[in-house]
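Next up: the structures, one after another.
Each of the two complexes below includes chain A, the first together with chain B, the second together with chain C.
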Partner chain A sequence: MPSILPARRTLLAVALLAPAAAVFGAFFLLPLARLFALGGGGAEGWGAYAAILVEPRYFESLIQTVLLSAGVTAVTLAISCVSGLFLVRNRFPGRSLLVAVLTFPLVFPGVVIGFMVIMLAGRQGLIGTVTEGLFGSRLVFAYSMAGLFLGYVYFSVPRVILTVMAAAEKLDPQLAEAARSLGASPWQVTAHVVLPALKPAFLSAGAICFATAMGAFGTAFTLATRIDVLPMLIYTEFTLQANIAMAAALSFVLGAVTWAVLALARSFAGSSVAAAG
Partner chain B sequence: MSATAKSDSFRVEPVPVRLEGCSKTFGNGARALEPLDLTIRGGETMVFLGPSGCGKTTTLRLIAGLESPDPGGRVFFGDEDVTRLPIERRNVGMVFQSYALFPNMNVAQNVAYGLRVRSVERRQRDRRVDEMLAMMQMADLAGRRIDQLSGGQRQRVALARALVVRPRVLLLDEPLTALDAKLRDGLRLEIDRLLRGLGITAVYVTHDQGEAMALGDRITVMARGRVAQIGTPQDIYFRPADAFVAEFIGTMNRLPARVDDGILQIGSLQLPWQGPAGTTTVLIRPEDVRLQDDDGVLTGMVSVAVFLGDRTRVVVDVADGSSIIVDAPGRTSVARGDTVRLGFDPARLLSLPDRS
Partner chain C sequence: MAGGSRGPAFWGQLAFTLLVCLMLVSPIVLSLLAGVTQNYFVGIRSGVTLRWVEEVLRTYSGTILLSVQIAFACLACTLLLGVPAAYVLSRHQGRATRLVEELLVMPVAIPGLATALALIITYGGFGDFRRSWLFILVGHVLFTLPFMVRAVLAVMNSVDLATLEEGAASLGAGFVRRFFGVVLPNCMPGILAGSLMVVTLSIGEFNLTWLLHTPLGKTLPVGLADAYASLRIEIGSAYTLIFFVIIIPCLVLMQAVARRGAGSK
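Moving on to the complex of A and B:
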């Protein structure tokens, strides 16, 4: 076989990569650059980006969204970890049915989940009726951050639980037995052996959960009124106030912040892995 | 290592292990172990040997505390009844086929783990881990990640991790099975020296008869959830209790024979014999059969001759259609098709109880 000269090989590689590069440029880099430029093209110019940090309405919305997403991620991971490990370790009648039911929320769009939160905790909701009967006053939280939090957790648990279960099933059961033989209590086995082994799964599932919560719109839109998360704010700026530049700037920042938080989490986990080794 | 293994700081009081009426039935109704009474002497290495599914691993897990016996069964360490103690409170050391090293910890952290959960003070912990690693000749690997170790090194780390807590009993579940042949021989010698040096009570599960012979003070041969025979390697090899043990350990020839009027007839050989008249089977090891030029008990034709260096393994087809395997000295020169005579010392013949 005739050998190809290094220069020609490079050329060949560039030629073969060109289609992928073109798609990447056309559908990722260009739109992103355009969005970024749009954000600085309004009446305030590049000040739109500064406004996000300076104007309380925008800044508070940004902080609220990040905190909400972080909280949803933490609670979802906790719930999924406990129930996922339980489902992997125990075999009982109806187990597969239970797994199927737990993953059911996957099929619903955010709007339907918002609707379900209203049915549960809305003005005519189940919790309201029960609390009125018991205490004489209706507990209504569907239209607040609490309602949104509940909806997002409900929405996120199935994805995370499946990832945790897949990882836990691959875990060597002899690892836990070895730890126990050395005197570790069940809690110590979980803390020292099981959770570290599941960390990669938590990281990837948590990242997806966080990113989804940052950008979720349907649920927030259904619950509306008193919620000011970033996607809602973008919608308001864009459709109601026709402030396209501000909407673009907010969109860009939403993406950037999400990406930054995920990168931070990843590098933190990576460094702790390296430190342990 | 043999010298350092005798280091006093790792010497442990040998604790006998006793099983009383221990049977095990799993949730699906399968009986993994028939009721078993067994005593493992303090400081002894007891090997459980048998094919997969014979109950040897179940027995090990009962001793470890990873399984509990069916009601009525009891496990003793010395005079202490440990039946109800979970594994984490039995103070045993365990070594697994899959090594089961913690991938999120390095070598030293793995070895230190048992001391860490026992809340041994930091400085003492470090000292004992250092001593242990030095004894296993792994001091230079202390900071390595587990995925940077070879299989043999991993199993030595697992041994160090199990021994550093000075367990009452060391339990080894097929520790060499995952290694390739050459490493296996080396590590087997190392384990042998270690167990002798420490004088610890050890229970070793394997399906490999070579390992069992080399390591066991005594061997428990198991089949289908029952003990087939308990004895020293010599007992098991030279005086098998039944056909299963005879066939499972080493190679065994079956010689067809007839008994008439208290006389056993094999080929031209006649021996006084006690037992019912009729056809019977007597057994003989390949190394106890001689190839000879004249006389001989049986005559046959060589069908296979394989030179193995220290010996030549010859398969001889005899008149009645059966084949007899002979281990002749390495310098024997026979070829396929040669007619040979087979002789043996009648004292080397084995007979088995009728139930076989």
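Moving on to the complex of A and C:
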């Protein structure tokens, strides 16, 4: 701006940014540095970080969490792709109601999602009642890895579907039109035109989904004590074992992994990507 | 797009989408019903009652009040910290501000559990601070600040702030006058969207809060986790019902604001 000298302008910017920077530095960057240092300050020293890969208990939990998150991401993307594209391409009575329903659980915290899973697949759950009526035995899987899987899909579908729909609506309809006029079948149009064009959206939505599933704690906490995903392991190490150094090392690694996944996706997809919940 | 062809593909996808909707909605409906049912094991036949809701309000009203208090304090903090920060990020686009933006998003990218642990390790020794609700507030501000900054920044970047401000400056308006008279009114939609987001997220926050809370300072989601773990399903449901009553207006308002924003473009 010509009316303000550059030096004054910079000074003003620094002054306006200072409160946020001070809070952020004191309550986030400093604690994070302390977390990292403490992770290496336990009985095993910096070996605590190595133990995550060497000690079976930690390594298995890490692998389990990664596999669970990857599975949740794949299933959520598949569901959101089918339903999201369907809702963008078709107009029919009741469509906006379906969209509203699909985005409704967007603001549920992890604990409430856990309770929703109990309502679906718990001891007095809907799935149990239906299977008892049909086959004579109650199917109850809320309090296991399968329950957690269901919970994370429940949590992720609204987010991912919104991203897919927003991206699909921006798609130039002439592209699909051109492919069709050249003789492509609906399936070919989807596979060769629509899906490649939606790749950035899938990438960023998938990364958010993966990172959120890696770090989510509320759902696992509500469902059971016997699910050893990484956040639950950190919690047990911290509270029950009082192994604070190990808990710190595990948290730091978990944070580094989710941050790296999101940063990587952002550099590929270009848009702003961040986990939620 | 033209939807003339209603072949088996259409009906197949519709059925699939309905199934997904059913998965999402049925537990919500069930828990709403369970919250007002005398005995969930027997079913709704056992009668409709508000006694579970009353019991929750009697036992847990403290958690509801604390959550609302923290949410509004968090809103005040994110407004004071976030709006000036967004202004700087919008007016000075360069390497340094991109780095600041990147850093600010980190508390959302890193799991709340890790952030909470880091806070406890660093400030857990300050007893009075550790025990007060301000400790939870700090966590919530870290987690929600990026959402405020991003919502405000999006609107600031879509209106031509530089030209507007230059116009005001040429008429002799100083910075303070420009900021309150030109900048703020022009990015109101962003501030509104960000505020709703911050309040909604703060009320539902659990990942950080579970480690940061003390037995005397429980928020609504912490109380919910307690109720789910130890009390009968009707009470958990009634508590969830109360949570829905608080959170759903936030969601509806948020979507209305988003729609209006999209419509005015």
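Just so it is clear, the second predicted complex is superposed on the first by the 227 of 277 C-alpha atoms of A that agree within 3 Å, B and C clash if a C-alpha of one lies under 4 Å from a C-alpha of the other, contacts with A are read in each partner's own complex, and residues count from 1 in each chain.
By our rule, a residue touches a chain if its C-beta (ideal position, glycine included) is under 8 Å from a C-beta of that chain, and two chains touch if they have at least 3 such contacts.
The shown structure was predicted, so the numbers you read here are calculated from the model rather than taken from an experiment.
When both complexes are overlaid on chain A, the residue A:L182 reaches chain B alone and has no touch with chain C. Contact with chain C, but none with chain B, is seen for A:P158 once the two complexes are overlaid on the shared chain. Within the superposed three-chain arrangement, the count of touched residues of chain A is higher for C, of the candidates chain B and chain C.
In the superposition on chain A, contact is made by A:I244 with chain C only, not with chain B. Of the two partner chains placed around the shared chain by superposition, chain C is the only one that A:G215 touches, whereas chain B remains out of contact. Shared contact residues of chain A with chain B and chain C: 276-277.
Residues of chain C touching chain A in their complex: 1, 3, 9-10, 13-14, 16-18, 20-21, 23-28, 30-31, 34, 40-41, 77, 80-82, 84-85, 87-88, 91-92, 100, 103-115, 117-119, 121-123, 138, 141-142, 145-146, 149-150, 162, 165-166, 169-170, 175, 200-201, 204-207, 210-211, 221, 224-225, 228-229, 233, 236, 240, 243, 247, 250-251, 255.
In the complex of the two chains, the chain A residues touching chain C come out as 1-4, 12-13, 16-17, 19-21, 23-24, 27-32, 34-35, 38, 79, 82-83, 86-92, 98, 101-112, 114-120, 124, 126, 154, 157-158, 173, 176, 186, 211, 214-218, 221-222, 231, 234-235, 238, 244, 247-248, 251-252, 254-255, 258-259, 262-263, 272, 274-277.
Chain B meets chain A in the complex at residues 64, 66, 86-89, 91-94, 96-98, 100-106, 113-114, 117-118, 145, 158, 161-162, 165, 171.
Across the complex, chain B is touched by residues 172, 174-175, 177-185, 188, 192-193, 196-197, 199, 273, 276-277 of chain A.
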